[in-house]
Every structure is written in C-alpha cells, then in structure tokens.
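Below: the structure, in structure tokens.
As written, the chain order gives the labels A, B and C, with residue 1 at the start of each chain.
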C-alpha cells in the first residue's frame, strides 16, 4: 500500500515537473504576434506559420515596414553570437574589433560599472543596440518618416526620408540622427550624432564618433534581412558589420492578453522614468551608490539558500544574462 | 497532503532554475548565490515599468514583521501573459499569502528579484513571465 | 440674345454654391494622376482623409504652466486660458476637489513634468516641445520630443485594452468628416505613485478621467486641437479646451531629444534638488 502510493507520488511529481517546465518554456518571450493589421495564425509554439506572402507595399510601391518586429536579443553582442561578421570567414560569429584600450574599458565596465548602462537610467540605447534589446519594436511608416517605438524604455526613433542634411556634429542624440532613402527595395539609413553608449547590455562601450549605415531588405511579408555597417574610429580598429533577421512579432504565438482580439498584438506603453527604482539597488562594486551589504541579512532563518550549480538543458531562451 | 508538498517542492525546484529575462544589470544588483524563499501577505503591488514590485509582509519567528519587496518582470510582460491590475489589486485587498523566491539584493536591503510566485493555494505556480492560473 | 438678369443671377448663385461646396471639402478638382490640390491648404492622403503629418507645437507658452486665465509669476507667462466650455473659462471642479487643486498648487514644485514623468493627455500636446505625426490609414504614431513620449492612435476599429492603465492613455480613433476624433481612456492616476496633471499649477484628475480629442487641420500650417474631459469624481460636468497648433517650417527642422531624467539625476547627486522650477513660496 505504502509502496504504491510512493510510486504514485513520484509519478505525479514528475508529471507536474513536466507540465511546469512546458509552461515556462512556452511562456518565454518574445511574444510572436501579428503586426497591427489583423491577427493571423494563433496557437502556441509548434503551430507552423502560414506561408508568408509577398512584401507589403505602400501606395507609392515602396516596401511597407509598418508593424511590430523583433530580432535576436543580444544581451552580449561580443560572445560570437551577436551577428557580427567575421571578416576572415564571412560568418556572423565575429567579435568587436576593439582597440586594446577600449577592450580594456569594456572589460572594466562589465566588471565595475554596470550602473552606467543607459537602459538602467531609462535612456534610449542607440543604434543598432536598441534592435538587440528584448521585446521588439514597432514601425509606423508614411511617405515622410518611419516612426519607431520600443518596448524597452519606451524609446523612439524617427528616420527622415527626404534626403535632408544631418544635424551638426556638436549635437549628440541617444538614438542618433537618421536619414533614410530607398535603393530598390532596400531602405538605407545613415545615422550620425550618437552619444557615447553601449553596443549591448554587457558593457560593450562605444564612443560618440559612431557612424552607422543600416540596410533593411524585406525578404517576404514577415521577414527583413538587416545589416548595419558600424564605424567607430575612436574605439575600433576597423568598421564592423552587424547582422540580424527581423521578423514580424506575433505570427505564431499571440500572447494571452491579445489572443481574442481581432486586431491581435499591440505594443503597450512603457513609462520608465516614473517607475524606475533599480538605480538605488546598484551597489558600489557595480559603480552604483548603495553600499555593498550582506544579501538577505534580514531574512528569517531557513529562508536563505544557495542554489545548486546550473545544469544545462531545458531552456531555449532566457536564463541569466550571458557573460 | 503528500501530493501537495511534493508539488510545492517540485515548484520551488523549478523556480530555482526558472529562466530569467535577459536582464541587463542583474548581477550588479542581486546576488545569485543568495536565494531567498519568503512567504508573506501581499500588501502592495506597484504596477510600474520598467519593473513592477510586489510587497509582502513576512512574519519572523519572533513575531515581528518585515516588509520585503520583490522586483518582477516589466508590466508589459505581466500584461501580455494575462496579469491585470484588477487581479493584483484583489491580491492586495484579500491580503493573499504568497511565496516569493529569488536572489537577494547585494546591498543587504529587503529586496529580491522574484523569479516566481506561489499563490495561496500552494499548488499553483506563477512564473512571473508566464500566465496566471485559470480561475 | 439677351439673358434676363434673373437667369444670370441664378446661374451665378448656382456657380458660387457649387464652388463653395467644393471649398468646404477643402479641395479643387485634381488633374489626372495628381493628388487633390487643397484650396484651403489642407493636404490629403491617397484615401482622401486629411493629412495630419508634420511637426507641430503650441505657440502659447502660458499653457503648460496653467490652462486657466492667470497673471504672470516667476517663470510663468500670463495667459487668457484655453477652456472654451464652460463659458466662464474655468475648470468646473466639485467643491471638495477645488481644495485639492489648491493644495496641488502649493506643492507645485512636485509637478510631475518637472520631474520628467509622462505628461498624460491632453497636456502632452501643449508642453513646450515639438511632436511629429506619422500617419497611415489604420495607425498613427505621435512622437514627442519630450522624453521620447509616443502615442499609438489606432483607427482599425479595435477596442480599448482591459485591465491596464497608461500615463498617456489608450487611444482609439475614427474620422468625423475632416476631424480625427480620438477616444482616450485607461488614463493613469494612482496617487500613491505618480499622477498626471493638466498643467504645472496642479490642475488634476482621478482615475475616472475620459478624454475625447478632436484634431482638425485647418490649413497647411495650423491645426486646431480640442479636448473634452469627463471625470465625475473631480468635476461637476465635462469641460473642453481648444488649443492652436502651429506647423514647424524652419529648414531642416526635426524632432531632437530632451532626456531630462539624466540631467535630473546628475543635479540631484550634486544636491541641487528640484532645480527645474524656481517656485515662489505662496
């Protein structure tokens, strides 16, 4: 009798574990959702996407990039998986071609100055950094501008399409100054005047001498091939090319809150400045202002534990930040 | 009874390795080697970006109470996964007893990054980047 | 053959009527393959709707400080106010709410916009910073220079989102003739967190606020913006403001950035506290 109920318990616990693991895996970001023009697909991961149609077009016949998009999350762009082209092989497994003193600056930032991350201060992350932060972005495109909005920090970007001049060099903008034009079906965007910042969320610092030329080439209705030629003559030994594939957010995996809405997924407001409290928790060892203390010192006895070393497997995305 | 305990233990085990958001600055604020499991009464839920905050009142063995604050994923993540303001307001009004688990703040203050939340019924887990239970 | 004066008059009147009818629609006939040429200067989209695109800003600098009629004070321009209804030009507070407004005024150093927080609707449209309208038939993004605020205005027939609120609200719109009517709900007021005010003088609302905006481009260079506020917890009746927006025409003008949170952070660390307003004690 006892033996049987023990086996049953193990069975149920195992089943519960499997269910919970499945739930956690399926609930991970990014939410794959329709662009704002009608829901399609549905169902959680594993449902194959309907075949993509041709590139959407504006009344003037240009590709229409209006919608919600998402690319790879590049918490650490310098780990060989950040889409940087290795010039020797042409493969996207390259690293940032830092000058030695800037390589050292980046390492020091990651170790001692995470407090300086723009995101932590509700500052826009810059270009192309912002495209590699979580949760995607939106584009609304008319004949004059592409207006962008991000989930992270609620940042924005305006790309002007009228071949105007850049702002003077002395103006520094977190998102830079972006002028775009079409070359066939490719949107070419030239960005200058960025402030100094980071290429990722792990301390890959850059100077304010950055010049970026991006190319957005739609492949089909739901896919854009993305490439950014990045020059930073102060920090880099040579220019680097960063690549990514941008996909419409929400084709196969509509989040729960938007599942039954005919218009599908929407990106909602991020009000960062008024809700931000993290900066008070950064300790001096990370470049912040709180004193390093004894974590959990006020916890009741038994509440503190040390987790076992992490095994591999079982997670597709997420996990603690890659270092 | 045994089933419930096993399920909760299993849940806690999963919470320990629950996928985090690719959080920018996690290691500069929280100590992953000091994980806390705290049970207390929900007294406040601040529905704010970039991270929401759940406040629980933990009763210590000597009867005193300590207010702990758990940082959660962003509002937009919670909302996408079916959390709503009325739902969290109800948790506060009812004074629901919940269990939070996550790494403790490096500065020793009463903060954790709550990777998960176990609701009052004990067998239901809310990964905070997952959906709330069917009601 | 002589045409009788009466007949001539009828012909002239008929022609004038036809012409003014077209003027009311804001266009003269287009040539083949050409967009309709507006005769009051309001451009049109390919689908015939008014083109609201451009970079816009209020000229009246007194508004953000105080939307009611007021005399100047330190840092504050005098203004005649923008409330067109009720006719006395004053916000129709309930008596108990007026007391809270006076208390807000005493504490106006806490103006959320001075602390770089989201201004809310309608104030975001008359803070002294430009904004850009990017317009498609089903979706408009308004991008504001002030701390990268942006609003989505949906014209796809979708409904407001349940169970969440936003500083700048949830906006769903449709056209009423040549006026864009935007229904804004889910506005934020959590006194334990951060409110939004109508101006820097503490004119405020509750979580019951509902705003209906009416955007009408009246010429190439002007847009009339009206907003009607309803909030039965604070006001005795709905009230309406009317604000004139001007189009930026300077060569090369564009939206830049005002990320005041980083200025604020630095100054706070230097012990300079609330530096953005020098407020006379009152």
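The rule is short, and it goes like this: a contact is a pair of C-beta atoms (placed from the backbone, for glycine too) under 8 Å apart; a residue touches a chain by one contact, two chains touch by 3 or more.
The model shown is predicted, which means the values in this text are computed figures rather than measured ones.
Of the two chain pairs considered here, B-C and A-C, the higher C-beta contact count falls to A-C.
A simple rule picks the central chain: find each chain's mean C-alpha point, then take the one closest to the mean of all protein C-alpha atoms, which gives A. Chain centres here are Cα means. That of subunit A falls 25 Å from that of subunit B. Centre-to-centre spacing of subunit B and subunit C amounts to 40 Å, using the average Cα coordinate of each chain. Here the CA centre of subunit A is 32 Å from the CA centre of subunit C.
Multi-chain contact residues, meaning those touching two or more other chains, occur in subunit C at positions 164, 193.
Multi-chain contact residues of subunit A, defined as those touching 2 or more other chains: 122, 153-154, 257, 267-269, 271, 274-275. Residues of subunit B in contact with at least two other chains: 46, 48, 75, 79.
Across the interface of their complex, subunit B is touched by residues 162-165, 193 of subunit C. Chain contact summary for the complex, subunit A toward subunit B: residues 5, 9, 12-13, 16-17, 20-21, 23-24, 27-29, 31, 73, 75, 114-115, 117, 119-120, 122, 134-135, 151-154, 201, 255-258, 267-272, 274-278, 281-283, 285-288, 290-301, 303-308, 310-311, 314-315, 317-322.
Touching subunit A in their complex are the following residues of subunit B: 2-3, 6-7, 9-11, 13-14, 16-38, 46, 48-53, 58, 60-61, 66, 71, 74-77, 79-82, 103-111, 125, 127, 129-131. Those residues of subunit B whose C-beta lies close enough to touch subunit C in the complex are 46-48, 75, 79, 84-87. Those residues of subunit A that touch subunit C in the shared complex are 36-37, 59, 66, 121-124, 138, 140-142, 144-147, 149, 153-156, 158, 160, 164-165, 167, 171, 173-175, 177, 257, 261-263, 266-269, 271, 273-275, 279.
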